[in-house]
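After this come two complexes, each holding chain A, first together with chain B and then together with chain C.
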Partner chain A sequence: MAANPDTPLFNRTRQAREAEVMLNKLIDEFDDNPASMHYFYDLFRRLFIQGEKVAHPPGAQIGITCIQAPEELIRAVGAIPIRLCNGAYHYDQIGADLMPAKSCSLVKATLGRLHDHEQGVPRVGKLEAIINPSTCDQKKKAGVMMEELGYQVHDLEFPNVKESEPARIYWQRTVRELAVTLQRLTGRRVTRKNLNTAMARTRRAQMAFRALHNLRRKAPSLILGKDVFLITNAYFFDDLERWTSAVEALVAELKQRQQNGFNAAQKKAPRILFTGSPPVFPNLKLPLLIEEAGGVVVADETCSANRMLYDLPAVDEWRVNHMIDALADHYLKPCTCPIFTRNDDRRRRLLDLARDFAADGVVYQAFSGCQVYEMEQRSVARTLQEAGIPMLYVETDYSPDDMGQLSTRIEAFLESIKTRKRQARTQRA
Partner chain B sequence: MNYFVGIDIGSTAIKAALVNEERQLVGLHVADSGSLFHKNAKTALQTLLERYSLQREQVRYLIATGYGRKLFKEADDSISEITANAIGAHEAGKAYGGVRTIINIGGQDSKAIQIDDQGTVINFAMNDKCAAGTGRFLDVAAANLDIDLEALGEYHFNGRAAPLSINSTCTVFAESEIIGLLANGHGKEEIVAGIHYSIAKRTLRLAKRVGIEDRVYFDGGPALNKGLVAALQDELQRELVVPAHPQTTTAFGAAILACNEWLADQAIGEQVT
Partner chain C sequence: MIRSARWVDRIDLQRFRFWVQLTAFVLLVYGGYLALDLGSQLPIFSCGYNREGRAGVCYLLPLQHQLARPWTQLFSFAGIGLLTGFATFLLWFIVLNKGWCGFICPLGTLQDWLTAIRKRLGIRYSLYGERTFNRLSWVKFVLLALLLLIPLGIGGGFWSHDWGAPFCQICPGRVILPLFTGDPEQLTVDFSSVGTTLLTGGGMFIAGLFIAGSFFKKRFFCFFCPMSALHYLIAKPALLKLKKEGAKCTKCGNCFNVCDMEIRAIADDIERTEIMTDDCTLCLKCVAACPEPGALKVEFARINIFEATEDGFLKRMNQGAPRDGSKP
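Up next is the complex of A and B:
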């Protein structure tokens, strides 16, 4: 029983209003949203505003605090992975009571949401355990606090170097141990058969995402980035098969729209590649501001979308130990998180994405307090500058009070892209 | 004669600039923003037109910029103050042999902008939401010291000791730091110089982020403060181009753009007919 019975209701209301304001903007300020997007709009409305829980088939719910936790293993033992990374300013403020005020908004909000769990974690209910990969310092320490709040936390030891062989071996052992822990938690063994099934289910979802991702290469754009971020955010908690079918339906609709000559953005809308700290609903303010100002987010390199879903595991030998090792490799090698010592891969990937998606500029979001993203900003900016791609660096957090200031910066950035393109055209002519 | 107006609706002041078809500056008007942005902006435009006995119809194109740009529905178009500032400084800087870096300190933000020889923005940096190192910081400090904002420049040069250091990066903390210095018997002159150096240091860091190229143009209301200009020149180790009306460069840029847009529209019209 909560000390004050009114508190949970009040909390729900405040975070619901925050979610409602953002969701309405994402829907109402844009014409011609695809009909298939209504599945996602409706999902967010029911969960975030009306306070419903996500419907899942029976099974233990296991929280994960990062994309580095191999979800296929969790699904193999019949459990359901729920990614806990939170985007609400409301929970960020609750988290600020537990962590230093200058910490990253995402970590604070994630902890803040787990704080008040008398009635079960909002939108999720009971969590059997939380898997906390030891990636950045703040997430590591937040894991300990989750344990203090009464959750069962499994620290997933994650190396800070990814090129070395010792790191690879260390990580493979970590993932094998996770399999053992999951078996103990659920009483079910990881077998070749159920792991194979789990991997096939995730692969189908990834293939649906890839089809959507590849449609975004088209210029003028077929879909706006704000919708894609909503879709990939839904992957955090939605039922896997329902999510996959909804994305497949959207892809089919977009292909139809393409045949009808439909454009979701103006022909000369600046095409933006998004990188840095992940946009998580309701904190979609930066993608929203970009698209309100007439730009279009055509691709991203963030762990709430592309980095989470694009790369596929590669298995050489379909025996359970080899499959687990292959999964481990998949969760380490392609990762472009800034927690690693070097990050040549991230810069390479940005250049590749900018080329493949014909991006005119890059917007780099860093949450205040996320030191690793803040630090990598300079080397990324240098790489892009050498390639002639302008970059806007934005340091922000979950509070809405800098929307005016940010809109000025984003508009100026888009205006400078347009002027430069105009100059280039006149020079050619 | 055709006229064009740029109106910069800032956090502290509304600035309106009037130019003719030759892109020459005809007139300027500055008024307080107050809390009714839209109403005060309309009044400011009216005042400017009356002063030059112009009818609203004679203004062929009007562009709004600044924080209140989207509220001003009377405008033909709106543009961010960064682009407008770049155009204005590029045009005004021609008299000084051209400028490539712009430092702007406004009421609630400060910016550094790098432009190319066409006046196009190459790169820019802006303070992240906090008001330290902006005009607001000077307002608060002047109030604490009980001196007029306009007198700050004079105090700067009258100190007998070295400028004191103001270390707080937050306007609110700096306020208590200033009160502490006063309580310890320090002179207002040394405190004022210290405040100017503190703003100059922050601005230097911002300018370094975009890269400093010659010549550096300094505008925005606080550029009227001679003491701040001296401190900034000292920190940057170079002379600054400070225009005659530093507050209105952005409005002027918007007016130039209004003229360009109108001329471009006319050209397209001729092609069609």
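Up next is the complex of A and C:
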């Protein structure tokens, strides 16, 4: 692929090297990558290593810092949502100058990326505004810092209780106000027609994701988790239709694989359910280590993948007001984000996924400094333990320094799962 | 999933329901002209005051009359009539459970038609909201208790017969349904005594409220319906069941969002497997709006006849908007 002419030295930057090391590992250390994955490998190579600009049809680009910002509304007014959550250690270090040292890598990296308006990767061009849902404390406070960096920030007031009716009403009002803000920003009104189109587009993408998700139930595995994380990461910034078509093509290929009795993982590979702080490229180190060590990530409960794309909204009467309210409910009610007071739904979801995907164990990633995920560790561990599902809790950040130590722990964890399974088998025999 | 369940999943449930409701309405309100007679123990508001056209009578009418017999009779031969009447009512009810409300009841159907008119006019719906819902959900049980106790009191000689069939006097069915056969007789206030004036005056007022209310609020009246309260009390042996599997539910709230009766428990209750609540009309809209395979299910005599599926959900949502306005 030809280097991008307007950034000749780009691939020498630390950012590009970091991305390249990760991408090469994700591709080269595994045989039998699905052919349809090349769309995504190529996309990441072009954007993160060669520094190409993300190609989008014309339209205002609106940054979002969390999945809680209703993307259908943004698309309805003809704008393009770009999820800004960043996974680069390089940007984490730049962001460290803006945030306290013990902050979460993801928030720091997101700020660090925004620090570089023009060349920050992925390069998306001018951001008309940033929608910053008031979720965890660090993201909340990061909003003002983004403003100081020169961005127009719209704080999206998000309740931290989700069960109560007042919270629901409050959030519905927030979302309605967002519609007004977006109208002001773009000069286009949210209408029944354009919102319906936007919802149908997102729905198609979500159904493609669900098809992929459902195929991961199969044993032997048809695809590795590292690839699925790449795919869902691409959703952050890729063109919606291009992304959806690429996923649909992949799904077709995986169905073919299934017919051929293909196994993407090793025989008897422990099946892992991934939860906690979201893996975002290039920080796919934990999923990578799991699969390098012979496990296979079969499902996840993270906001960079499953939680972002799984849940589907329903509308009763297709009038704009009711559609917006239904969208608001959809972004609040099924959400299993740890910033809420209670985490019953998250624990139920994990049990359901573990059962449904026949997971042998759970890997729980918490970014150091992410208090909410750290605090939920105990209750989640207890729930899983009661269900007889082993869990490995990993506190880490974007630095590659702990990879050696982590790989030892992961290998031990997978080994213990295999031993358990062996024992269970001999006991049965 | 069995074949019939797949079939139900593929058809357009709302359209199917519309036609069932229309057919039932025509049969029940005009069937009498064809000498159709389904008896007088129907578990729905097929109003007995629609004397010409009715094809069967709402059980509340004979029930209130029977209970108003003098106690000496009630506790001897009239008691047998009461019991056989109730048994017939129960048999009818058991087949469809509250599905009678969602699919058959003429008064329920009327409310859905008012909703359809509002939709066409492009007017938004109103909701009771959680506080009002909780504050008012016992009203139907009080109405039921009164419609049982007042006739008993008449039979015991405590009240005059002016208070006979008290619920019928205030029931919107009495005022409205006879109008469909061109009979405006009930559109009056009976000034013969204080009791009848109060009750029939109240009836007129409630009929007006019924029309205005159900125009803005889906199934406005069902929320207060004592028949629905009676249903709930005897629902245990019913054959048609709404089931929920809590473990599969993400609490996304879709089902609650589309529920005409604003039943929160349908989304939030993950413990109960029998999820039909006292307000439910078994309209099955919730099942159609649930994207989680198997989270909501409809069973008939323990056979799964309809359940939430991804494909069904997708089909229904994709169809949703474009047809709005052209849909009945």
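The rule is simple: the second predicted complex is superposed on the first by the 412 of 429 C-alpha atoms of A that agree within 3 Å, B and C clash if a C-alpha of one lies under 4 Å from a C-alpha of the other, contacts with A are read in each partner's own complex, and residues count from 1 in each chain.
Keep in mind that, in the parts below, contacts are C-beta pairs under 8 Å (C-beta built on N, C-alpha and C of every residue); 3 or more make two chains touch, one makes a residue touch a chain.
Computed from a predicted model, the values in this text were never measured in an experiment.
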{"item": "Partner chain(s) touched by A:203 [first = chain B, second = chain C, both, neither]", "value": "second"}
{"item": "Touching partner for A:128 - first (chain B), second (chain C), both, neither", "value": "neither"}
{"item": "Chain B versus chain C as contact partner of A:416, first or second or both or neither", "value": "first"}
{"item": "Touched partner set for A:317, first chain B, second chain C, both or neither", "value": "second"}
{"item": "First (chain B), second (chain C), both or neither touched by A:390", "value": "first"}
{"item": "Greater chain A contact set [chain C / chain B]", "value": "C"}
{"item": "Which of chain B and chain C A:402 touches, first, second, both or neither", "value": "first"}
{"item": "Set of chain A residues, in rising order, touched by both chain B and chain C", "value": "none"}
{"item": "Parts of chain B lying in touch with chain A, wherever the complex brings them together", "value": "67, 79-83, 109, 118, 120-124, 126, 128-129"}
{"item": "Interface residues, chain A side, partner chain C - complex", "value": "163, 165, 192, 196, 200, 203, 207, 210, 310-319, 321-322, 325-326, 329-330, 333-334, 345, 348-349, 351-352, 355"}
{"item": "Residue numbers on chain A that touch chain B, as the complex places them", "value": "368, 390, 395-396, 401-402, 404-405, 408-409, 411-412, 415-416, 419-420, 423"}
{"item": "In the complex with chain A, residue positions of chain C that touch it", "value": "119, 122, 124-125, 129-131, 246-248, 250-255, 257-258, 267-268, 270, 285, 289-291, 310, 313-314, 317-318, 320-322, 324"}
